[in-house]
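Questions regarding the structure given below will be posed in turn.
By written order: A, B, C and D. Residues from 1 in each chain.
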Amino acid sequence: MGMVGGGEGAFIGEVHRMAAALDGKIDLVCGAFSSDPDRALRSGLALGLDEQRCYPSFEAMLTAEAALPATERMQFVAIVTPNHLHFPIAQAALEAGFHVLSDKPATFDLAQALALRDIVAATGQLYGLTHTYNGYPLVKEARERIARGELGVVRKVVVEYPQGWLADRQEDADNKQAEWRLDPTRAGVSSCMGDIGVHAANLAEYVSGLQIEDICADLTAFVEGRTLDDDGSILLRFGGGAKGLLHASQVCVGEENALRIRVYGTLGGLEWSQQEPNTLWLKWPDRPTQMLRTGGGYLGAMAAANTRTPMGHPEGYLEAFANLYVAFAGQINAVEQGVAPDARSADCPGIAEAVRGMAFIELAVRAGSSDIKWHRLEHL
Amino acid sequence: MGMVGGGEGAFIGEVHRMAAALDGKIDLVCGAFSSDPDRALRSGLALGLDEQRCYPSFEAMLTAEAALPATERMQFVAIVTPNHLHFPIAQAALEAGFHVLSDKPATFDLAQALALRDIVAATGQLYGLTHTYNGYPLVKEARERIARGELGVVRKVVVEYPQGWLADRQEDADNKQAEWRLDPTRAGVSSCMGDIGVHAANLAEYVSGLQIEDICADLTAFVEGRTLDDDGSILLRFGGGAKGLLHASQVCVGEENALRIRVYGTLGGLEWSQQEPNTLWLKWPDRPTQMLRTGGGYLGAMAAANTRTPMGHPEGYLEAFANLYVAFAGQINAVEQGVAPDARSADCPGIAEAVRGMAFIELAVRAGSSDIKWHRLEHL
Amino acid sequence: MGMVGGGEGAFIGEVHRMAAALDGKIDLVCGAFSSDPDRALRSGLALGLDEQRCYPSFEAMLTAEAALPATERMQFVAIVTPNHLHFPIAQAALEAGFHVLSDKPATFDLAQALALRDIVAATGQLYGLTHTYNGYPLVKEARERIARGELGVVRKVVVEYPQGWLADRQEDADNKQAEWRLDPTRAGVSSCMGDIGVHAANLAEYVSGLQIEDICADLTAFVEGRTLDDDGSILLRFGGGAKGLLHASQVCVGEENALRIRVYGTLGGLEWSQQEPNTLWLKWPDRPTQMLRTGGGYLGAMAAANTRTPMGHPEGYLEAFANLYVAFAGQINAVEQGVAPDARSADCPGIAEAVRGMAFIELAVRAGSSDIKWHRLEHL
Amino acid sequence: MGMVGGGEGAFIGEVHRMAAALDGKIDLVCGAFSSDPDRALRSGLALGLDEQRCYPSFEAMLTAEAALPATERMQFVAIVTPNHLHFPIAQAALEAGFHVLSDKPATFDLAQALALRDIVAATGQLYGLTHTYNGYPLVKEARERIARGELGVVRKVVVEYPQGWLADRQEDADNKQAEWRLDPTRAGVSSCMGDIGVHAANLAEYVSGLQIEDICADLTAFVEGRTLDDDGSILLRFGGGAKGLLHASQVCVGEENALRIRVYGTLGGLEWSQQEPNTLWLKWPDRPTQMLRTGGGYLGAMAAANTRTPMGHPEGYLEAFANLYVAFAGQINAVEQGVAPDARSADCPGIAEAVRGMAFIELAVRAGSSDIKWHRLEHL
């Protein structure tokens, strides 16, 4: 693969590289790691790349790689820049004939996401989106059990993602991660919903198998001087009559990445927390609560296929991330072999989730400052 | 004390009796345990009361006890009936010259609560309301620490009370607790908000020291045939700019009494769960999370005064309940001695919480089915 | 009941009184609360007793109460003094015709325990011993499930009771609880094993249904100047081939009363912790771990009979303690009615546990400083 | 690197490969993956190796690689075979001029470990041993805090490693992992102590900074037909007067890899569990317990240097394993640059731990069936 973004000091680029490397099947062969050519070169060399494949810009990378023989050139582009660059890079890569695996949110705004969908369709290239939390084996187990009706008809979905790291003005403290996430010209219309609320919404839909239909939101910028939300609470109504709550915040002091989901149906409930990802709780009206564990022999095929170590040897965030890479690589292999991807490979968020995520973010912001109670999340 | 309600097979009456008995300072001397005179007598005898003080009705009890010499008659009345009887009994008791400690919600509706406030004022008797969860030592510790500014300015309050016991039609299953709670003629306008949502709202205000000002609600009756809500999600806005969420449900299958509160301020956060009530978490931006424990020498005076066993010997629900009885008894003693109650005795919910709770319940129901987003919770 | 010991400032006496009072069925009618007559009187009056039943000595109490009509006098004596007084008081009470419920350890040494057994047999009075932890509903559930073979044949028992409160010289810090526990003339041959190790050994036998046969011990007095152990580690061999470990300590800084037991059989395992007593874990080779909860409808009759509140309203140490009082009172009632006690009433530690506990303590001390590896715990 | 062992279906070989790959700095360039040449080739090709570097035996690999130019040949050998092959492979590799990173236990018996120490000294090559659990950031934090005296003088170390996977005759169930571990000709003198007890002993010494001096053991083969222990309990005495317990078992049904360590000193205590590796508990006599978390800004330099993701994005077993690879690779780089390794690189178990581990295993087995109580663990 080739990477755009993720030069020295970047956080998510390094995560992508480790996730790609973990299984020893995906090689980083080139990159445009920074818009500063010196930094781009330095970053690439530090990663052990050939100097000539440390490109000064993504345009240069796409041109040069496309000119290489098919067996030598990169097979896909991983995009790990701030949000506002996702779209132009993805567009250029897809149109240059490369598959794209992009960090989320997919684009700067919904209009771009809709345009991107057209481009994906037109180019016939693959597009993946790293909604990391879908990659955890027990998230897949939760989804499977709900899909097969173990919990009965879903009534309630409670999803939350509190963080605390932006509770003060980190954007003034030389914190690059904070800076661009709170800058409307780079992050888009939202900080909290764009960065983590969209993960929570995606997880709620992925696990429950339901679609959010209407939302009622209260968004806030708690820290003085901010123009983008750093906190939000949202009432959810799903298709089929289920209801829910979504809570995301960047100002819940002392919280780390406390993404947690609970789903309750007519027959049972379940609970999963990202910070203890190897445990899934199943709750019943008249039987003891069950604690399912990653690697358990009683888990379904999808959980098993996404697990690397035996029960009791904990897996974490990088393994979940790597699962998305494995799936996306599996899709590429399937395309190259002219076959349909298997279930595991197919299970990677794509352009549909990209559009849906951007629609959610924009609607959340609109609803968050509206006097109207309910806002419809259109199926675009 | 004398008790109204709580005959054979009742749940909350037995809880009140154990809470009153625990410290060996409050004697149950009489009761009107049932509207069925035989059952009333049988219940009283089983509790070891004198036959002549097992009254067939609360009216009989009030008359007879008022006629006894001051040193012999009951000092206060505990009301543990279904909701619709709280008001007439409280009114009669107060007007007969007895203090009243009532189970919650205080009355059948807000109008009654306002009337009750006038009666309390007119009679000069004491009135207490058993918002049990306030009785836990670490809830008091949480309140104290927020009041003294340890968390800075409060920004966010997340309170939830999921239960699962009404996820199916228990009201048809000869479950008396379910029957009256879902019957509008006995429970009032709400099941879920009236039974547990009001506890959550009370806890949020008690711990945070803030007042709910506006709410936006979505209430549901998930189980077919119900006319009262069995689930609700509410966005909260507090005075001073803090925001919050309240989630209460009786259909979250597999949940017990999972009342939990989290409060986040500019400097720190805290978390407490009723099912593990002897632990209070304090969270900080740059220091390790702290685990405070009931009985810890580092706790404040109010927590210490409400604790009976050393650290590591767990206390529970009955001890919390007993703390309200101790406080209320302390108020009575203070009145009798003509002095002001000490801080511990004063710390028992009263008529102000009664009015506020009923206002919250009615507003939640109104807002829950309204198309208007925000509804003001008046200070009545 | 009447009480010996437990005057002003005492810890365990107050616990006994609350445990006895909780269910409103046992009245404290008299006491000899202190060997200091003034303090004894003051303590009794503060508890609301009649002045003439606040006795200056246990001898006076026994004489005076025995002289009262049967319907008026106390029905049993609760002994809550330091260890060295347990035996003479129990002997006198039994011989005066009163049942005895004693705090543990039963006596000052094994010889006294054996003598006490003879006295119990000779007098025909009831004798109970407050091994509190047996009183928890889920401990009873654990015992029942093992007894009925759910775990298969038991192989391994791991029991531990770390505390930290004696990690420094509390005995010099005006801490009365520490003073007598570390004084060989009042505590006996052991501090740690006598105070908490014996609880752990009792719990191991009670839950597993097995008997300890051989022990290999390493006992230590870590804090300078102590002549009694404040820490010990013991290898256990049980009848039937099971093995185990027992760890008890008073110097594990920061631990509270972290009594915990794990039992593993051929088919399954279980785990229970005193500090979270309302949860019992069942572990299986090929199925998810199950979390059983106090009050769960799936629990056995003995657990249900020892539970006061619904699932999710936590019970604690005082409720467990009260369960022993209820059982002992049930035995007294059965004797008075000339019938056999029911299963719940029978389930209270008695003279057999008294002898066994003292034998364990003495053997642990002997083994702890011996060069011989294994020491037989005789069935006396 | 080159790998010996770890062909199709192997567990630990795959773990080593992922650990080595994670950071993108160590390439697997060759291997002798099986003693079956077809399987060896097939395994290597599946890993994407050049056919000519998929060797049919470790001898062939060493010869061929040694003949390559220094810039092309493998830099070190990772040994991931069953125990009995560790020594001959390590010897051959070291003598062929390659560094060796070996899975544990280091050798088949102590004599081999001592011989290996001489070979390491004679050849001057580097030797590393994958005591994985040392690689967790919070284990390093625990070690650092004890080393700097935060807990005062250490008094007690409690370490346990219960597993349940060998509670029945897995060795008859076509479970290759079980087969060789219970076969004395491949595993050595011990199953439980050799496989996991030695990890526990190593962790106890690594974290506490103390050395085990004497042990008293009870080892058992619970499952019929086994000649090697599947369970063991050990009393420990450390240099300096600290005491401890070690419990390891393969028959604790339902346990996964529940390695846990608790250390108590005169000033404080700590606790860490492998199954929730991102939390470290610090316990104090008079202050709230503290919860330290991987990635926390308050952690020391060694923990920080061994962490890849921000606080709240959990790391696991593979990341810990990778930390050992990073350290060992750092040692190689230092040697090649002629400098001393930095602190992070130096922090990898080596030949000293190899000898010590084998001495522990052999002594545990000897002590476990001995009538003598205490056995000295010599400093060899």
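Please note the rule applied: contacts are C-beta pairs under 8 Å (C-beta built on N, C-alpha and C of every residue); 3 or more make two chains touch, one makes a residue touch a chain.
Note that the coordinates shown come from a computational prediction; the quantities given were computed from them, not determined experimentally.
The chains in contact with chain A as well as with chain B are C, D.
For the interfaces A-C and C-D, the C-beta contact count is higher for C-D.
Inter-chain spacing, taken between the CA centroids of chain B and chain C, is 35 Å.
The geometric centre of chain A is 55 Å away from that of chain C, both derived from CA atoms. If you average the CA atoms of chain C and of chain D, the two centres end up 43 Å from each other. With touch defined as above, residues shared between interfaces to two or more other chains in chain A number as follows: 255, 282, 289, 293. Within the complex formed with chain C, the chain D residues making contact are 151, 155-156, 158, 160, 162, 164, 167-168, 216, 218, 220, 222, 231, 233, 235, 237, 243-245, 247, 249, 251-255, 262, 264-269, 282-285, 289, 370-374. Considering their complex, residues 282, 286-293, 296-298 of chain A touch chain C. Chain C meets chain B in the complex at residues 11, 14-15, 17-18, 21-25, 28, 47-48, 163, 255-258, 274-278, 293, 295, 308-319.
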